[in-house]
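I've put the structures underneath this note.
Okay, so subunit A shows up in both of these, paired with subunit B first and subunit C after.
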Partner chain A sequence: MYEIIAFYVFSALTIGMFTIVVMSKNALYAMSALAGGMIFISGFFFILEAEFLGVVQITVYSGAIMALYAFGMMFFDTTREVKEHVRAKKISYTLFILSAILILVILSAPLFSENIQATYPTIENVGNIQMIGLVLFTKYLVPFELAAIMLLVAMIAGIVLASKKMDFDPHFDENAEFLQEVK
Partner chain B sequence: MNETALIIETIVKAVIVVAVVAGMAGFATFIERKVLAFMQRRLGPMHVGPYGLLQLAADGIKLFTKEDIIPQHVVRPIFMIAPVIAAVTAFVAMAAIPFFPEFTLFGYTVHPIVSDINVALLYVMGVSSVGVYAPLLAGMSSANKWSLLGAGRAVVQMLSFEVVSGLSVLAPIMMIGSLSLIDINDYQSDGVMSWLIWKQPLAFLLFAMAGFMETNRSPFDTIEFEAEVVSGYATEYSGMRWGLFFIGEYANMITISVLVSIIFMGGYNSLWFIPGALMMLLKVSFWIFLFLWVRAAWPHIRPDQLMWVCWKVLMPLAVVNILITGLVLV
Partner chain C sequence: MITLTHYLVLTGILFSIGLVGVMRRTNLLMLFFSTEILLNAVNIGFVAVSHYYGDLSGQMFAFFIIAVAASEVAVGLGLLILWYKRNGSIDLNSLQTMKG
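Up next is the complex of A and B:
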């Protein structure tokens, strides 16, 4: 009973938040609503007793959207409204309706078939993290390691791109010299 | 019926936690002024009540009745909601913290924790990291250059130090094998020598430093340092909205104190003749005092020095610590 109430509350909040993200013309509203929506989604994980995923949802998305804010800070005056130039309205409306129908079909498909079973059903008396660890290091080991390599590549690329400024020493005296050289 | 009882119990616990911690946060501001004053050979607040004890009430009345000014060019809803985020995240993070050992009251066993989830530590750290949105939103909606600078500093520093606190706390978790704060506490139940501070001294230091950063206390309080960015993200705020930021800050201080006590200093296990609940209070008081002591003793450091020490000293140390712990465990 309480789970159902919580589910509907979180659904309404999430849909409301993401509606603001799409509809608002103010970058600050859109980003704050995105952060709020992501945090409300974690509520579903908690209702499903997948606490680990819920917490990961909060941590990862709050950090990721923080980076979006940083870009917003650099590119916009976030206290003003952004002027949007929408050129091909017909295409965007068509795509919008098509994707809505597609999502409806995907989500309602399970309602009409009854032979859905979990490949890895939850084990009694085993914690959330242990279960994720088991699946992650047995069935999904290769994708997991591939993702790790991809992140490593991205990190090295980032360091290489930023390495021109790596010589910048933070000590005060040398700093002053550096500034004089720049002048 | 049973479910309803559980809901009511949880609500009662939540209200108690919020009320007590908010009261303690208010009291901590008074203690801070007194301790700082004694360290600087002053007396601090003395006129309102005995030893200035009622200064707290006077400050509260002032904050509540002050005009809530919302400047002209701000983004209104975001500006108004930002301080609420600071206070709410600080209190929500406390939902998974066991403050005291369980006790029996009128034949009913009370667990002094609002919700015992098995990823408590991760939950507490994740929710307090959401608290960064408060200075960020405040700074970006204020239409003020100093606020924006404060917000920029907040994002950079908090994100950097979350890496340090997350990595440093990983080593103790590897030893214990559980994220539940109750398990972490029970792991250290054999007296002082079983405290994790002796097995993980480096992790303890790194976590404590990251805690100082995340609660925005000096020497790391660059995001609202008066001499550089006026008052940082809080420049445009007044009255109770300003106060909410600081209730959030002090509540976060209490959270960090409790976390350090539980993870590294034996938590609420009883010691010799001292009962567990009292041990917890003593440790938390000591940590609050340490926050104030450090503030009185050390100057601020510059933001670039802070970044340097975070990425080039603390983070490599944390990774090395994890590596060594892993090798020892294997």
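Up next is the complex of A and C:
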């Protein structure tokens, strides 16, 4: 009973929040609604007994990614309303219909997938975090380390791209000329 | 009782909301928000399947999707800031340099 109520409440909240993200004209409202939606999604993970992913969802998505967006938005003019003119109605209607078909396919997918075998079955009397640790550091060790390298590359790329021409020092060129004169 | 179908319906609805956002947004920052919605919707589906079939692979995939989303945001926002400094606009139409 509790699970059913929680599911419907979180579904309504998440759908509402994400609809605000898609429809809002103000970038700040959209970002706040997105952060709220991320936290409500972590509620689903806790209902589904995936505590580790719930915590990761809160820390990484609502903590790191939304903070990054907030810092990024300091560069843009966010108080002004986002001007968008939507044209090509025909294409958007076609794509709406395609997304409706997508929902239908997702709904009917379990009907055709009866013979699913668990590759890494969950173990009884073992906590979720412990199970994830066991699988992640044995079966998924190489993807895990590749993900670490990918995050490192992304971090360096982000720093290099965002900090270009940011630390402009007017005395820098004078110093360089001075050094050349000394040489 | 909440079944897997409930979660898949929710995943479909959220994915469609994200898809609508990708279609109707022309601001690049809003487009990024819509991609985050897409990734989150898929994550819910993965975790639900993982729970109802007693398989941990779904949670692993959701974990790696979160890692990919984090690096995507880092690189994408860097590029976005660079483009904004150069053009003063993050509208998709400002990316059209070839008038065809």
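List of remarks:
Keep this in mind: the second predicted complex is superposed on the first by the 128 of 183 C-alpha atoms of A that agree within 3 Å, B and C clash if a C-alpha of one lies under 4 Å from a C-alpha of the other, contacts with A are read in each partner's own complex, and residues count from 1 in each chain.
Please note the rule applied: a contact is a pair of C-beta atoms (placed from the backbone, for glycine too) under 8 Å apart; a residue touches a chain by one contact, two chains touch by 3 or more.
This structure is a prediction, so every number in the text was calculated from the model and none was measured.
In the superposed model, A:Phe45 makes contact with subunit C only, not with subunit B.
Legend: residue contacts after superposition of the two complexes on their common chain; A:Ile129 is shown touching subunit B, with no touch to subunit C.
In the superposed pair of complexes, A:Tyr69 makes contact with subunit B and with subunit C alike. Measured by the number of subunit A residues touched, the leading partner among subunit B and subunit C is C.
Of the two partner chains placed by superposition, only subunit B is touched by A:Val55; subunit C is not.
When the shared chain is aligned, subunit C comes close enough to touch A:Tyr140, but subunit B does not.
In the overlay built on the shared chain, the residue A:Tyr29 is in contact with subunit B alone; subunit C does not reach it. Put simply, subunit A uses residues 52, 56, 69, 72-73 to touch subunit B in one complex and subunit C in the other. Across the complex, subunit A is touched by residues 1-2, 4-21, 23-27, 29-30, 32-34, 36-37, 40, 43-45, 47-48, 50-51, 53-57, 59-60, 62-64, 66-75, 77-82, 84-85, 90-91 of subunit C. By the touch criterion stated above, subunit A contacts subunit C in their complex at residues 3-4, 7, 11, 14-15, 18-19, 21-22, 27, 30-31, 34, 37-38, 41, 44-45, 48-50, 52-53, 56-57, 60-61, 64-65, 68-69, 72-73, 75-76, 82-86, 91-92, 95-96, 99-100, 102-103, 106-107, 109-110, 116, 118-122, 131-132, 135-136, 140, 143, 147, 150-151, 153-155, 157-162, 164-165. Subunit B contributes residues 3, 7, 73-75, 77-78, 81, 117-119, 122-123, 125-127, 129-130, 132-133, 136-137, 140-141, 143, 148, 151-152, 155, 159, 162, 178-179, 304-305, 307-308 to its touches with subunit A in the complex.
Listed in rising order, the residues of subunit A touching subunit B in the complex are 1-2, 26, 28-29, 32, 35, 39, 51-52, 55-56, 58-59, 62-63, 66, 69-70, 72-73, 78-79, 127-129, 170.
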